[in-house]
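Multiple structures follow.
Consider the two complexes below, in which chain A is the common component and chain B and chain C are the respective partners.
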Partner chain A sequence: MSVRAVILRAAALLLLVAFVTAPQLFAFAFAPLTANNAPAIYNQGSLLALTLSHLRIVALATLASTVLAVALGIFVTRPKGREFLPLSRSLVNIGQTFPPIAVLAIAVPLVGFGEKPTFIALFLYGLLPIFENTLAGLTGVSPRTLEAAKGMGMNARQRLWQVELPLALPVILAGIRLSVIISLGTATIGSTVAAKGLGEVIIAGLQSNNVAFILQGGLVVALLAVLIHDGLGLVERAAARRLGRPLDGTA
Partner chain B sequence: MPTLRPTLHLDRLGSVIAGLIALALFASPFVTYRANRIVSGEGRLLVDALPPAGALVTIAVVLGVALCAALARKPLVRLAAASLGLCVIFPAVGFSAGFVTPAGNTFARVSPAIGFWLLALAFALLATDALTRLRLGPWGRLAALSIAAGALALLLLSGAWNDLSLMKEYANRAESFWREARQHLWLALGSMGAACLVGLPLGLASHRVPALRNAILQGLGIVQTIPSIALFGILIAPLGYLAANVPLAAALGIRGIGAAPAFIALFLYSLLPVVANTMAGLSQVPADVIEAARGMGLSPRQRLAQIELPLAFPVILAGIRIVLVQNLGLATIAALIGGGGFGTFVFQGIGQTAIDLVLLGAIPTVALSFAAAIILDAIIDLTRRGAA
Partner chain C sequence: MIEIEHLSKRYGDNIVVDDVSFTIGEGEIAVVVGTSGAGKSTLLRMINRLVAPSAGRVLIDGQDTTTIPEDELRHRIGYVIQGYGLFPHRTVAENIATVPRLLGWDKKRIATRVEELLDLFQLDPGEFARKFPHQLSGGQQQRVGVARALAAKPALLLMDEPFGSLDPVIRGKAQDDLLAIQRRLGTTIVLVTHDMNEAFHLGDRIAVMDQARLLQYAKPADLLTHPAEAFVEQLVGTAERPFRLLSLMTVQDAMEPGHADGEPITVSATLRDALAQLIWRGRPVLPVADASGAPIGRISVDGILKHGRPLA
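Presenting the complex of A and B:
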């Protein structure tokens, strides 16, 4: 990464942290957008608390979907689970045609309002990219490498932990990154079902017709997503570098 | 490696599906009965949800499918069993609504319950697995899709589902349903069309001018990362300013809140797949093919139109497929900022905790994305075959 890119990201991070911890400092920038003396800065709760609870639910859901998706990915690529492989491939394709909001909306009548439906939607929807990439990563390990590992006397468990998973790791991490980004967006919509998160700011703005709220909510979510996307990209590249091969692509 | 199989082979996946069917049949309610639209309901098992003869036939068919799933190995047999199961439970849930609702009661609502959905899921899994193993070609997949769509249309037009809560919600809103449907399609397809008009030349330019490539891809990548509702929010401020200060913009119907920011956001999201795939498609055209075309005396414009674009077309089409499926889903969120579309029903339903209203918005959205994915995948396969 070039020096300019590092400085740009550091500045964006600093700006984000400054804004959510002391939003009043920025009131002057949002004041022109308000009408009738409406507040320029979100005043129905602390932006910091909303950001943290937003991040918490995304982190928890991603953790849960990673555990299940990687376990399922391992299962269907073992001899015992092979019968499920074709079906699981199609299911991943079909599942991705479901918009996240549909999952969220259908969960509400089943479990009520609040964090629960949001968690369920994030968890279910987050499974797909991770599972897909785990499959791609594990089935992408060349048969020759596996043969060599077998020839060295490794048993199935050792091959999985010492050969297959490390080789598949960068691809799995790419799936986790995609899943986190989708979850950040879905968690924002989660505010329509009363989950604590940054969507609240945007929705409050839409309800009270306060463009300043809408814009600051949008900017905080957008900055958060872009920075997390970049940060996870760095982790991915580090994992790929450990394998001694640069990750192709520009992302 | 061929192994010796016992004559009675228990299929692993089939056994899981059979277990799911048993769970759905005996442990979960088939329909939910509610005294009116918003109170919480009580579940009815399949045995109590249909007249005795009907219940008996339905249970027999469902158990037959379960047996088939566990024992039959031929994909065609499994597909036939799954289709039969679906053809029985879908009308059955409609008749059940008529049976469970007391005569003359117009307030009572009957909805499919978890048991029905589990059965539908189990049969759909069985059918999907069989279809995957059959490895249908593009035409076969299109035919399967049209048969499914035809069966669904027949079910809805025959009125078999009219007593279900979902269809009652539809009947109360038939007019606005089709209005929102048009709006949804206009948002999704219109922004896709605009993205193609802008994205194809942009992709071509970044293929030809390497200096542009990174800047364009990175810029669009950042846009792609921004969650939809945040991007809507960011667009509302400048559009609102434009509407307030530029009379022409206001005359064109551009306002801060409404369809305009949704359309522009969907357009921006669509650009990356179109541009990236146009570039990828063009760069995979073999250099010697272009060289040969040059040797034949084709001008750069002719090379582009007759050689490069046709060869890149399947890859470009794959980008358009991504955009279409993504847009059909994302257009649901437009309702949040007053942009209309099927999301209107989803968000109304969330507000009223009326699951059937949510489904009235969600099911058409999912069905559209699903059909779009199958149709475009088939077209991509056909063009690949043509290009090869």
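Presenting the complex of A and C:
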């Protein structure tokens, strides 16, 4: 990583932390966007608390998506589960194509307002990238490597844990990263069903016609996305390196 | 001892190994040759049960392999494939330690064994133990592949075109190294190759396969002098035959009593090498010396040529 990239990242992180902990410091920048003496900085709650609960629900939903998608990906690449591949693929695809806002509309009558319907929407929405990448990672392991593993007397479980999963890990991590980024943005709609999150800031701005609020909500989500995308990218690279090859090398 | 009894494999209507039987003695190298698609790999992979036979059986030291659990059987049989199949996410040392780890050896014993093997294959442990496969040359990967297969001291080693992707110089060296190691450890080896030179260089016996059938299983010299079918004759190369035959014998076999002038040839050289010397030096006869350099007889072009054809 170049020095410039490090500085840029550090600056973004610093900006984010400063903004969510002491937003009033930035009032001067947002004041020109307001009219009629409306507040320049979001004043209906703590930005920090909203950011944390936003992150929390994204983390929980991604964790759940990861567990299910990876497990499903492993299952359908085993001889016993192969026949379920088309079915699983369609189901996961539906999860992705069904609009999250529609999921919310269906889920609220069933589980009530709050975090639950948001969690369900994000969970469903996040499955596809992780599932597809798990498949790609597992099926991408060279047949020769697998033949060697089998020929040396590794049983199916040992082949999975000692050979297939380690080799697929960087690709699976890339899927998780994609899913996290999508969820970070999508989670803002959770505020329409009263889940605590950064969507509240945006919605407050829309309701009171305050561009400064909308921009603040968007800005925090965007900074989070950039930093998390980057951070997870570093983790992937570290994993790939530990697996004995540079990320740009031939797998 | 490995006994292969009436082994067959069919995929649907397609028979790829057809009633093959032969026996490999303790500490011998059996080389399987034949055209592409003849069923060589399938035959080899039925020995460690990577492929389930349709009929027939394999006995190792009298024990039917189907009575041994699959994984346990494979722990006892070394396996080397073309391209070596090294684990790209594991270091050289970890690759070599694969089977010992599966067998639950303790750490110290594994470390000692890995070091021993790296030494045996002339890979400096300090330099190579922690490298990953992609950081090695083809020849080094090949050696790691064989070292890995030998890690748990198997009595039997299966090799499927183990030298296939090496250049001729490295390949020759790898073959010599394998022979030296095999003589030292007494490992029984079944090796598949396309390369007839390799087969004659390494094989105590050679199995010739064509279209799923075993045409002949014999000592290299017998294959040359008594080919069972026209296909065998063609495969060993009609024009190559005298030279292959000479390369299977040593100066000892054609030495005459008497004296000759000039730089001596050692008694352990092959007749083919001796003939090459005589031709190159323009001499009809040269002295023969034993390992210590003492003269013990002489060797002549005529004497060598007589050995380059079947004895009448």
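One rule holds in what follows: the second predicted complex is superposed on the first by the 239 of 251 C-alpha atoms of A that agree within 3 Å, B and C clash if a C-alpha of one lies under 4 Å from a C-alpha of the other, contacts with A are read in each partner's own complex, and residues count from 1 in each chain.
Keep in mind that, in the parts below, a contact is a pair of C-beta atoms (placed from the backbone, for glycine too) under 8 Å apart; a residue touches a chain by one contact, two chains touch by 3 or more.
What you see is a predicted model, and the numbers here were worked out from it, not measured in a lab.
> Using the superposition on chain A, decide if chain B and chain C clash or fit.
Aligned on chain A, chain C fits beside chain B.
> In the overlay, answer first, second, both or neither for which of chain B and chain C A:Glu83 touches.
first
> Touching A:Val67 in the superposition: chain B (first), chain C (second), both, neither?
A:Val67: touches no partner chain.
> Name the contact category of A:Ala22: first (chain B only), second (chain C only), both, or neither.
In the superposed model, A:Ala22 contacts neither chain B nor chain C.
> Check whether A:Leu167 is in contact with chain B, with chain C, with both or with neither, and answer first, second, both or neither.
In the superposition, A:Leu167 touches chain C alone.
> Is A:Gly199 touching anything from chain B or chain C once the two structures are fitted on A? First, second, both or neither.
Touch status of A:Gly199: first partner only.
> In this superposed model, does chain C or chain B come into contact with more residues of chain A?
B
> Quick check: superposed on A, how many Å separate the nearest Cα atoms of chain B and chain C?
Superposition on chain A places chain B and chain C at a least C-alpha distance of 7 Å.
> Between chain B and chain C, which residues of chain A are contacted by each of them?
250-251
> Under the definition above, what is the set of chain B residues touching chain A in their complex?
Within the complex, chain B contacts chain A at residues 11-13, 125, 128-129, 131-133, 214, 217-218, 221-222, 225-234, 236-237, 240, 256-257, 325, 328-330, 332-333, 336-337, 343, 346-347, 349-350, 353-355, 358-359, 361-362, 365-366, 369-370, 372-373.
> Sort out for me which residues of chain C touch chain A in the complex.
Touch list, chain C to chain A: 48, 50, 70-75, 79, 81, 83-91, 98-99, 102, 132-134, 148-149.
> Which residues of chain A touch chain B once you look at their complex with the stated criterion?
Residues of chain A touching chain B: 33, 83-84, 86-87, 89-91, 93-94, 96-102, 105-106, 108-110, 113, 181, 184-186, 188-189, 192-193, 199, 202-203, 205-206, 211, 214-215, 217-219, 221-222, 225-226, 229, 250-251.
> Give the list of chain A residues in touch with chain C in this complex.
Interface residues on chain A, with respect to chain C: 142, 144-145, 147-155, 158, 163, 166-167, 243-245, 249-251.
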